[in-house]
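Note sheet for the following structure.
Order of writing sets the labels: A, B, C and D. Residues in every chain begin at 1.
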Amino acid sequence: MKEYTTYERKIYYYETDQMKIVHHSNYIRWFEEARIDFMKQMGLPYDEIEKRGILIPVLEASCRYKKAFRYGETFMIRIRLRKFKGVKFSISYEVYNRETGELHATGSSEHGFVDRNLRPVHLKRDYPDIYECFAAAVSDENEAE
Amino acid sequence: MKEYTTYERKIYYYETDQMKIVHHSNYIRWFEEARIDFMKQMGLPYDEIEKRGILIPVLEASCRYKKAFRYGETFMIRIRLRKFKGVKFSISYEVYNRETGELHATGSSEHGFVDRNLRPVHLKRDYPDIYECFAAAVSDENEAE
Amino acid sequence: MKEYTTYERKIYYYETDQMKIVHHSNYIRWFEEARIDFMKQMGLPYDEIEKRGILIPVLEASCRYKKAFRYGETFMIRIRLRKFKGVKFSISYEVYNRETGELHATGSSEHGFVDRNLRPVHLKRDYPDIYECFAAAVSDENEAE
Amino acid sequence: MKEYTTYERKIYYYETDQMKIVHHSNYIRWFEEARIDFMKQMGLPYDEIEKRGILIPVLEASCRYKKAFRYGETFMIRIRLRKFKGVKFSISYEVYNRETGELHATGSSEHGFVDRNLRPVHLKRDYPDIYECFAAAVSDENEAE
């Protein structure tokens, strides 16, 4: 079973708003950063996937905010591939404060595989290597629990 | 029963990404734009609320993306105040293409009322006028359905 | 001589940072909003230009911040086409507070015309109608001063 | 003479636009990331400076774009403290592609020191330790050239 490292970085000043906390829209962007990092660990660098003609748009995204992040803090995201059905996959996110270990937010996203004209692609038939990467990663995740 | 106008604007170029569609994180920002416009129509300009010491952070946000927006298009958001319990409220969003009338996305958000130190405020006791605005708006909405 | 209307809108909450002012990077985005609005008034809707295969990247951008904008305020941008040489053009921006009329910032940008592979295009030969729009607008501007 | 490390990171997907390059406004944000990293190396973590009541707003920012960045690339910023006069300082930026070493952009910014009400502070008298850090860093830089 493969081990995945968590994704972390310091908060940027421009991510704060006048409540003196991180603006909530940025968590959706952090999920993307963490997801792309995770896919790279799966063996699927996103820039190479796009070069082969596959786009992976977001079908759904959500976040529950439990505790605000403040400037000066570092977030850490633990990611899990929840489902993979060949045409779609789901991911869950846990966002921690790296210093305190406290859980600040949870979230999820759902994604599809499409071509450059945003039409669904038949992953198993046309891109079997990518299909296998996802199938392996989702089974790793299930073992992990 | 009060009539609320929808919120609309053209898409900005900087909201697109290299899929040649609007980046999904922007919808969460559009919800904020529409929500603040809606609250103004309720009689609650957000800048004045903050000046009185009340912040309204986001507790949860989600979006389901049905059809991508492209540069050159205008979005239109129809908003509804779903619930109001004195300490929290929920809003739902429908995002349409103004030209075609087609529904491109739906979403929701949940919010609380806190003071500048992010501690819950007792709205009914300490800010009865704001409490009444929300209570009236949620009942308008229920009649509307 | 053609009259151009100024570009204005309310500040969005997500544009503030924890200094409780608009984050400086947003002015560069406002310049883009105003520029695209100005080009539309020139008869050159940017989405249609891109559909014809021309991109107009930014070669230089700058902003001088004189007075901060705060949430609740409305900015107004006065734009001028400064130079047009067939391969490049320059624009200047004045950013006012609409309520007070006070000048909050000034800026400039320089742009080129390229094809989808980011190679320069010969505007006068290949897109004479676009060339003429720019030539007319720059002469309007010079008369205006 | 102190050695400063350069600032680098991978480009985020959400930083691209539909020209399939990084949107130009992001460079202004990168400058902020690099500047804050640089100040930390100077011994001045920005979050601690703000806790002491000093804000460092941007008075001017500019960027010249020589070559576009594409998704999948890593930028690297070399920063220099150009001037420090006690009330203001200037910084210059060189933005390289880490893989190729090619210079993609140059920029500059100017900053002042103010209190929470955006009024200038007398750094040398009221915050001599911060004054000394800047004075030392600017002299390091001058020796370096």
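Keep in mind that, in the parts below, a contact is a pair of C-beta atoms (placed from the backbone, for glycine too) under 8 Å apart; a residue touches a chain by one contact, two chains touch by 3 or more.
Every value quoted in this text rests on a predicted model; they were computed, and no experiment measured them.
J.: Hey, which pair has more contacts between C-betas, B-D or C-D?
T.: Greater number of contacting C-beta pairs: C-D.
J.: Look at interface B-C and say which pair in A-D, A-C or A-B is its repeat, using the rule that over half of the contact pairs are identical by residue number.
T.: Match found for B-C within A-D, A-C or A-B: A-D.
J.: For chain B and chain D, let me know how many angstrom lie between their CA-based centres, rounded off.
T.: About 35 Å separates the centre of chain B from that of chain D.
J.: Could you grab the centroid distance between chain A and chain D? Build each centroid from C-alpha atoms only and quote it in angstrom.
T.: Chain centres of chain A and chain D, defined by C-alpha means, are spaced 29 Å apart.
J.: Can you work out the whole-Å distance between the CA centroids of chain C and chain D?
T.: 25
J.: Counting only residues that touch at least two other chains, what does the list for chain A look like?
T.: 13-14, 18-19, 21, 25, 29, 32, 50, 71
J.: Could you pull out which chain C residues touch chain D in their complex?
T.: 18-19, 21, 24-26, 28-29, 32, 50, 55, 57-65, 68, 118
J.: Quick check: in the complex, which residue numbers of chain A touch chain D?
T.: Against chain D, the touching part of chain A is residues 12-14, 29, 32-33, 36, 45-48, 50, 71-72.
J.: For chain C, which residues count as touching chain A in their complex?
T.: 13-14, 16-18, 20-21, 23, 25, 71
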